[in-house]
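Shared chain: chain A. Partners: chain B in the first complex, chain C in the second.
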Partner chain A sequence: MTNRPVAYYPGCALEGTGHAYHRSTKELANALGLGLVELENWNCCGAMEVKNIDPKLQTYLSARNLAISEKMGFETVMAPCNGCYHNLKKAEYDLTHDKTSQEVVERLSKKAGHAAYRAGSVRTLHVLEWLKEAIGEEGLKARVKNSLKGLKVANYYGCMYTRPRHIFPEKDKGPGSESTSKPHFMDDLLAAAGAENVEYPLKTACCGGAHTLSDSDTSTKLVLNLLTTAEACGADVIATECPTCHSGLEMHQVRAEKVLGRKTTVKILYFTQLLGMALGLSARKVGVHENISDSRALLKARGLG
Partner chain B sequence: MAEASPPFAEISARLEWIIAHDPAELAPQAQLYAAELLALGERILEAWLIAHGIQPTEAKSEGFRLLALHRQGAARDPTFNACRESCRELVYHYNLVRASSEPLQAGRWVRLGAMVALHLALFVGGKLEISGLGEFCCSSRPLRQNEVCSTITTATQAEARGGPADADRAGLQLAR
Partner chain C sequence: MPIHEKSLIRPENLITHEELVIDEVNVSGHWSTFIQPRVVTDYDERLQEEIAALPGGENIHRCWQCGSCTNSCTVNAINPDFNPRYWIYLIRLGMKEELVRDKEIIWQCVSCNKCTYACPRDVNPEGVMKATARWLELKGYTEKKPSAIFDEEFSAQVFAKGRIEEGRLLQRFFARTRQKLLQDWLVELARRLFSRLPLMLMMKLGWASLFHPRTRGWRKARAAIADYVAECEAMERQVLGLNGKGPSS
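Up next, the complex of A and B:
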């Protein structure tokens, strides 16, 4: 267990549609006594847009954030957003294995007037990995004030937390490591907080996030299937750890009812919100009121938040 | 060889029909339904392969043709790994049904397996439908590649060769 402060890279989604994730992550860290220092002058990770147009430019954008972490004296940068996490890991991989990426990052860094990031200088962690490492299940259990006991949760990880496998060399290393085929870190943490995790067969299945604008109907059908499957598994709540997935689930839950006439009642909450409430934080403090999915009645009935 | 046209509407309708049933109703025929789900999964992947000009394999991987078909698709296009876990979950549910000694539980596994298969159908079918628009996680990519990326690549190369002036002539604005 280590509780040294880490660099915090929220990324753009957490300042917009995923603000509740931003808020709950910071409040959770505070409640656990873990230090987060936001990266100074961070930039877009390159997400999908830049990556689609010029992948090397995306590598540079993510590398710049890693370079800022290094310059600020951090060995570890933590990113809660799956897209940001994925892109930082991808940049690390590209800079380790691809000479052209190194050259492009060298050239653009020089042009931008900062030192080029060198692979291996900073470790990127997802908030799930960070919590597992810094606090762990036992540490969390010891701090729980308001158990999630009786709350049935389907843990939904989305696609970018584990894919592609080769950019996550630390995963699939046996006991204690994360699995790319059946991820479990979120399950572990929520179970430590008392939640009852249901067997959810679609925990890494596509939410249609990338097609929300180009093909909304496919996205709605994909999300509807995620929601109905969670309900069939007996879940009260779908716990999320990606702002894009979370927004997609919430928005298409509404759209499925409007367009397809299919109503689902499963609630959608960030896992950081659930953990925060388990630690005794109020629903408001972890931003439940910022979610589209209104889970207040359920939480109240369970004595949470 | 499997049929040429993607049979997604028919497959989805069949899966919806199974999902609409109570596990108790599915229970007596659970073994048959489980086998059918695997077969439907194979048809989904066959449709993808055929649409990409690939002859679907008859081989098995880990004892299942479904997994071999997925591997075949992913070998050509790594982004096809985005449905790897759905295929494995489908196989897992098949095994659960086969191993289950409790009929009602087997009926539940069938229903969940059908939901997994439906996700596979929606995902692969949706991708085929809008294949002109892109890859799994990059819906605008080919459009951009055709219209914009060539300009930027040219510009990036020009800058590497002759500096900003060359790049400007080639149209590079982004990396500056």
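Up next, the complex of A and C:
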């Protein structure tokens, strides 16, 4: 267990539609006594869009953020968004293995007037990995005030937390490590807080997030499948760990109802909101009212928040 | 002679005979369909090279047609005509006309990377899909697709300010794709949300769309990125032989 402060990279989504994730992540860290220092003057990671203009520009964007972390003296940067996390990891991989990427990043960094990031100097963690490492299941269990007992949860990880596999060299390393085919870090943490995780076969299925607006019919079909499957598995709640996945599920739940006439009732909450309430924080404090999916009645009935 | 499975069994290439007896065997009717003999001569030998020159397409030559990409594909599960393995096959053979037939769906790849995960040959099929969609656009076979417009709007904001602001992005995207901003489902969504959001937060979000969030000291990065983008575009046009003609990007 280490609880040295880490650099915190919220990314653009957490300042907009993913605000409840931003808020609950900070509250959770606070309640656990873990230090977060926001990356100074960070820039957007390029999400899933900039790479389609040119992948090396995306590498540069993340390299700039890593360079800031390096300059601030942090050896770990933590990102709650799958897209940000994925892009930082991808940049690390490309800068370690691909000479052209290195050259482009060096050239652009020089022109932009900052030091080029040196591969290997900063470690990127997802908020899930950070919590597992800094507090762990045992540490969490000891702090639970308000168990999530009886709450049936489907854990949804989306695409970018595990794919493509080669950019996550630390995963699939046997016991204790995260799995790319059947991830479990979120399941582990929620179980420690008392939740009853359901067997959910679509943990790493795609919600169509990349085309959520440009091909919304496809996204609605994909999301509806995620929602109805979660319901069929007996889940009350789908726990998310990515702002893009989360708002995709929320938006297309409404769209499926309005456009396809298919109503689903499963609630969608960030896992940080669930953990926060298990630690005794109020629903308001972790931003439950900011979610589109309205879970207040359910939480109240379960004595949470 | 390779087998061009799909092109051979298209309705226009099939012949059925109401009444036909060959060597005393009755072969009338639909059960014994004949395939029109066809000689393919229109191979475009530069096709693979051109796609490989676009970002994402670099490893296309490594494909050994195992089909794992299509088998694992998110979009294929919704639409069986979305077939990455088949498109890679056509590109490698240079069957341009066949490829162009699917120009209206190739852009629909959602970048889930299930294919990249499954591919045993490191082809990066997701990248090939993006490269192919871009090739179709640059060569003028399709107009700019909504996803490409979204990518452009998103990237333009990042390049200009260092950060994006979702409200403005939404607005610009709907305007450029000529859709009304107030889609019924978006209105419903806003109604549900705003009935319980505190005033402070709404003001904060509104504030962000008026005063675009930005990264301090971004000016030099912006210039560096602009130079690089121009370089890439010039290179792509050269490889695709588009200098001085064709649609601009």
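Criterion: the second predicted complex is superposed on the first by the 305 of 305 C-alpha atoms of A that agree within 3 Å, B and C clash if a C-alpha of one lies under 4 Å from a C-alpha of the other, contacts with A are read in each partner's own complex, and residues count from 1 in each chain.
Methods note: a residue touches a chain if its C-beta (ideal position, glycine included) is under 8 Å from a C-beta of that chain, and two chains touch if they have at least 3 such contacts.
Given the structure is predicted, the values throughout are model-derived calculations rather than measurements.
Colleague: Quick one: on chain A, after the overlay, do chain B and chain C clash, or do they fit? Just give me the call.
Modeller: Aligned through their shared chain, the two binders clash on chain A.
Colleague: Of the two partner chains, chain B (first) and chain C (second), which one does A:Glu290 touch, if any: first, second, both, or neither?
Modeller: The answer is second: A:Glu290 touches chain C but not chain B.
Colleague: Kindly classify A:Ile53 by the partners it touches after superposition: chain B alone (first), chain C alone (second), both, or neither?
Modeller: Touch status of A:Ile53: both partners.
Colleague: Which partner chains sit in contact with A:Gly120 here, chain B, chain C, both or neither? Use first/second/both/neither.
Modeller: Neither chain B nor chain C is touched by A:Gly120.
Colleague: Does the superposition put A:Cys12 against chain B (first), chain C (second), both, or neither?
Modeller: second
Colleague: Give one of first, second, both or neither to describe whether A:Arg64 is in contact with chain B, with chain C, with both, or with none.
Modeller: In the superposition, A:Arg64 touches chain C alone.
Colleague: Give one of first, second, both or neither to describe whether A:Pro175 is in contact with chain B, with chain C, with both, or with none.
Modeller: neither
Colleague: In the superposed arrangement, does chain B or chain C reach more residues of chain A?
Modeller: Chain A has more residues touched by C than by the other partner.
Colleague: Please work out whether A:Leu108 is in contact with chain B alone, chain C alone, both, or neither, and reply first, second, both or neither.
Modeller: both
Colleague: Under the stated touch criterion, which partner chain does A:Thr228 make contact with: chain B (first), chain C (second), both, or neither?
Modeller: First partner only, chain B.
Colleague: Where does A:Pro201 make contact in the superposed view: on chain B (first), on chain C (second), on both, or on neither?
Modeller: A:Pro201 sits against chain B, while chain C stays out of touch.
Colleague: For chain A, which residues lie in the overlap of the chain B contacts and the chain C contacts?
Modeller: Correct list for chain A: 48-54, 56-57, 60, 104, 107-108, 111, 159-160, 163-165, 205-206, 208, 210-211, 213-215, 218, 221-222.
Colleague: Which residues of chain A touch chain C in the complex?
Modeller: For this pair, the touching residues of chain A are 12-13, 15-17, 19, 41-44, 46-57, 60-61, 64, 104, 107-108, 111-113, 159-160, 162-165, 180, 205-206, 208-211, 213-215, 218-219, 221-222, 250-251, 254-255, 258-259, 289-290, 292, 294.
Colleague: Under the touch definition given earlier, write down the residues of chain B that touch chain A in their complex.
Modeller: By the definition above, chain B touches chain A via 19, 78, 81-86, 88-89, 92-93, 111-113, 115-116, 118-119, 122-123, 126, 129-130, 133-134, 136-141, 144-145, 148-149, 152-153, 156, 160, 174-176.
Colleague: Applying the document's contact rule, which stretches of chain A touch chain B when the two form their complex?
Modeller: 48-54, 56-57, 60, 104, 107-108, 111, 159-160, 163-165, 181-182, 201-206, 208, 210-211, 213-215, 218, 221-222, 225-226, 228-229, 232-233
Colleague: In the complex formed with chain A, which residues of chain C make contact?
Modeller: 55-56, 74-75, 78, 108, 110-114, 116-117, 124, 127, 130, 134, 145-152, 154-155, 157-158, 162-167, 170, 173, 177, 184-185, 188-189, 192-193, 196-198, 201, 205, 208, 213, 215-218, 220-221, 223-225, 227-229, 232
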